[in-house]
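Note that chain A is present in both complexes that follow, paired respectively with chain B and with chain C.
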Partner chain A sequence: MSALLDSVLATAVPLDRALLLAAVLFSIGLAGVTSRRNVLIMLLSVEIMLNAANLALVTFSKVHGDPTGQVFVFFAMTVAAAEVAVGLAIVIAVYRLRRTTDVGEVAALHEIDYGPVRYPQLEGQPVHHHGSSGNGDGDGDAGETGGQPAVASEEAHG
Partner chain B sequence: MTEVLFYCFAAVAIASAVIAISRKNAVASALWLVLMFFALAGTYVLLEAWFVAVIQILVYAGAIMVLFLFVIMLVDLKSEELAVMGAPRFRALGLLTSALFLAVAVFVVLNTRETFVAAADTWDRGGALEVESGSAAGIGHYLFHRWVLAFEVTSVLLLSGMLGAVILTKRRLT
Partner chain C sequence: MDASLPALVVVVPMLAAILTALAGRWWRRHAWPVALLATAFAAAGSLRILWRAVHEGVVLYRMGGWPVPTGIPYRIDLLNGIVLAMVACVSFLSVLWMRESVKREIRQAGQASYYAVVLLFTTGFLGITITGDVFNLYVFLEIASITSYVLVAMGRRREGLFAGYQYLILGSIGATFVLIGIGHLYMATGSLAMTDIAARLSGALVDHPSVVHTSFAFITVGLAIKMALFPLHSWQPGAYTYAPSSASLLMAATATKVAAYAFYRFAFTVFGTHYVTARLPQVMDGIMVMAAAAMVVGPLFAVRQDNLKRMLAYSSVGQIGYVVLGAALVNASAMTGSIAHFWNHAASKGALFAVVGIVVLRSGSPHIDNLRGLGRRAPWTAAAMTVAALSLVGVPLTGGFVTKYYLALGTLETGRGVLLAFILLSSLLTAVYMWRCLQRVWFADPDLEPAVTREAPWTMRVATLTFGAACLVFGVFAWIPVDIASAAARALLGEN
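Right, the complex of A and B next:
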């Protein structure tokens, strides 16, 4: 297997062709970002563009005989992973709010009437909080919606 | 032999990328993109970047694509919604932009190809690039000596990305 790999790698890859491949892949990704309207497909196209940049970095690493380009590919993959995680979280949040992933429909930052909207509530805000100590009846935690006041009510009860 | 393999991988990568950005179904797009990641990993092997090739398959085809597939299946897209491309005018503008970029990039590469051919000849005669430099040991040596600060900052970046993803998708911040 190693001898086979050595014989395969005996001749060099045409490095300018590798750079041309990177350019073509980047253009395909750019076309995907600019011509599709679904934000998931746009994120996939961004991934294609990042991969084209990685291929160019590996090719230049080979040209200069310096592994720093491959180290940069490592960092670029880390940044891409973080970017995908945050981007997909934003897609989930927008989809939960607007029920769509079309970028043409979420272009407005102001609020359009898309029906009931659930905003995240912070812990300190008294939303449904009606006094756990004064809540004397047996099943008092039926009206509580959050986890924290229900626990406090049960502790006061027991 | 290497050239033939390189052209095969390049053809597979370009074809699967074109198919991936033109599918109506987002799941099909993601799976075609997995094929493109594998073809690029084969290209990395031909360029003697073995560690990058393995990381490409593990991180991209393994982790990032699984995340994509989970989200695509979570948001429950209708195929007619996915079929919508951009408005025709903007779509033509986008394709024109990418074609212009491709022309400029190909022009630059073809005008500087003598440099690369000379460098490849140098490497063929014996060695600007060490044999072990693409392996995990070679990359690790560089990563933990010269680029150790960037490596540590990367952990902060991953932590902030993780926190951002969790906070953005939580319904209640309690």
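Right, the complex of A and C next:
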């Protein structure tokens, strides 16, 4: 067993190959995030980019013969985990609203931009209508009925 | 206490965040006071640190007493003293401001967590500012960024979800770039403490110049995404528009400027003035072009917006140009203007987002027409908005004028007078969109029923007026920010 381990360690990957792999991973991630339309795959692509950076860090620490770089990778991985957690939470919330993971369709949420942004009506708070608020806002109103519960009214009065 | 203040300023908001998140389930009403106390401590502590940095020189704190290349140093000179005071004071005022707004805009069950995220956000930005270790800076940058994504996505408008997602993707790419840059820096120098890297860099430039250049390029692009420097600003308008009003206020007044600070720190402390002027001047020229473009394009987009939050977000795209231009010119006068703008922009943008938040609270929408008659029904709020708008335009006796004066001086001193045209055009366009607001505030048709019928609650009013008063103080007593900023600029450039 130890002989096997020794032989594996002796034929370790050359450092320039490891850096090349990091560069390839980074490019794959960048290509994915710019060309794919699926929100999940975009998130995965970003994580691949981050892992390319981690791989580079490990390689650099090997160059210096200094384990600090590898310790930093653990921090970077923790950070990446937090990022994925937040990213997935948002993706799930988006999916529940739209039943799609296509970034173009999700971005339709943005189209309401061109009209005035009206916030959901709050109890005891008159909503002021303007001459210009009729068009472009319909999508938002339609979405409003299906989703989140309104804020509890006793809280709204402050 | 005084000696360990640099650590406490970061640790107290972090512990308060954990406390708020855990206890918030049962004692929801205590979340706001805890957050207020923690940020008040951070604000007082950071002002005390700034005072020490001004009077006693660089404040150095070693985490756990470890010597510098091994352990993490917290190192506060004038530059990050200024930014630290800005972040902490803005956080305190924003938390003071946000109580009513959070009750209105955040689901009841989420309110305690919201304050916890706000405190972590503050911790992240305080940490970026205070640390003297590049990897520690990356970790705090990620803490700050991840909490920003959460804050944006917590808005009641569902567009906030997509704005948060877009911000997450672009922000993560930016963070990855920064991490790769830091990795290359570590490769070239074998160290992560800023002063230590700076000392070893000349040797590294002889041995592996391309590694150092790659590192600078990656860090610059990564931070440009984080600071929403045109043309990498696409995440910002959506994020500021759909975030809850309190998050817009907090982020607009701190987030992008702290990334700009990190750029100053990397360019002038880590890589050094000689490196950016003599070895790689093209990067600074490129940054200068981007900053000049941002100064004009941001306001140009802002003029067309009817949504006040979106208007102010585009305004921020323009204003970050002022903060970065001083760095790009590598000139003491211009840099004085830019560093003073850390405070001036925080004051004016803080006041404006606070007013817009009040409009949203009282009328339900940030549409520009909801400002009509604000001067009649809520004179204090309207006064704060007017002062902040004048400061943003750069009228004399307000903070914005001080920035523009020193920037203009710097462009002439470096023989780049053409930039003066950009500064003037930017001010002109800013005047146009701010006038659209002020005209509705003060000169609306008196027959129209105002959308905001009464003044804001006192917590909001106090915070908003403090932001507004700061715009005036930094303009009338201009020597306060200018003396510190000019000393900071000279220290960065190595002139004395």
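One rule holds for everything that comes next: the second predicted complex is superposed on the first by the 105 of 158 C-alpha atoms of A that agree within 3 Å, B and C clash if a C-alpha of one lies under 4 Å from a C-alpha of the other, contacts with A are read in each partner's own complex, and residues count from 1 in each chain.
Rule of thumb we're sticking to: contacts are C-beta pairs under 8 Å (C-beta built on N, C-alpha and C of every residue); 3 or more make two chains touch, one makes a residue touch a chain.
Bear in mind the structure is a predicted one, so any value in this text is a computation, not a measurement.
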Exercise for the section: Look at A:D16 in the shared chain and tell me whether it touches chain B only, chain C only, both, or neither; answer first, second, both or neither. Expected result: first
Practice task
Could you look at A:F26 and tell me whether it touches chain B, chain C, both or neither (first, second, both, neither)?
Solution key: both
Problem - Chain touching more of chain A, residue-wise (chain B, chain C) - result: B
Practice task
Go through the superposed model and pick first if A:V86 touches only chain B, second if only chain C, both, or neither.
Solution key: both
Practice task
For A:A76, decide between first (touching chain B), second (touching chain C), both and neither.
Solution key: second
Exercise for the section: Would you sort A:L97 into first (chain B), second (chain C), both or neither based on which partner it touches? Expected result: second
Exercise for the section: Mind sorting out which residues of chain A both chain B and chain C touch, each in its own complex? Expected result: 26, 29-30, 33, 43, 54, 61, 63-64, 68, 75, 79, 82-83, 86, 89-91, 93, 118, 120-122, 147-148
Practice task
Note which residues of chain A are touching chain B in the complex, please.
Solution key: 7-21, 23-38, 40-41, 43-45, 47-48, 51, 54-55, 58-59, 61-65, 67-68, 70-71, 73-75, 77-86, 88-93, 95-96, 100-102, 104, 118, 120-123, 146-148
Problem - Partner chain A, residues of chain B touching it in the complex - result: 1-3, 5-7, 10, 13-14, 17-18, 20-21, 26, 29-30, 33, 36-37, 40, 43-44, 46-49, 51-52, 55-56, 59-60, 63-64, 67-68, 71-72, 74-75, 77, 81-82, 84-86, 90-91, 93-95, 97-99, 101-102, 105-106, 109-110, 113, 115-117, 119-120, 123-124, 127-130, 133-134, 138-139, 142-143, 146-147, 150, 154, 157-158, 160-162, 164-166, 168-174
Completion exercise
Within the complex, chain C is touched by chain A residues 26, 29-30, 33, 39, 42-43, 46, 49-50, 52-54, 56-57, 60-61, 63-64, 66, 68-69, 72, 75-76, 79, 82-83, 86-87, 89-91, 93-94, 97, 106-107, 109-110, 112-113, 116-122, 125-128, 130, 132-133, 140, 143, 147-149, 151-152, 155-156, 158
Handout entry: chain A partner contacts - residues on chain C that touch it in the complex
Key = 100, 103-108, 135, 138-139, 142-143, 146, 149-150, 153, 156-159, 161-165, 168-169, 172-173, 175-176, 179-180, 183-184, 186-187, 190, 192, 238, 241-242, 306-307, 309-310, 360, 363-367, 369-370, 451, 457
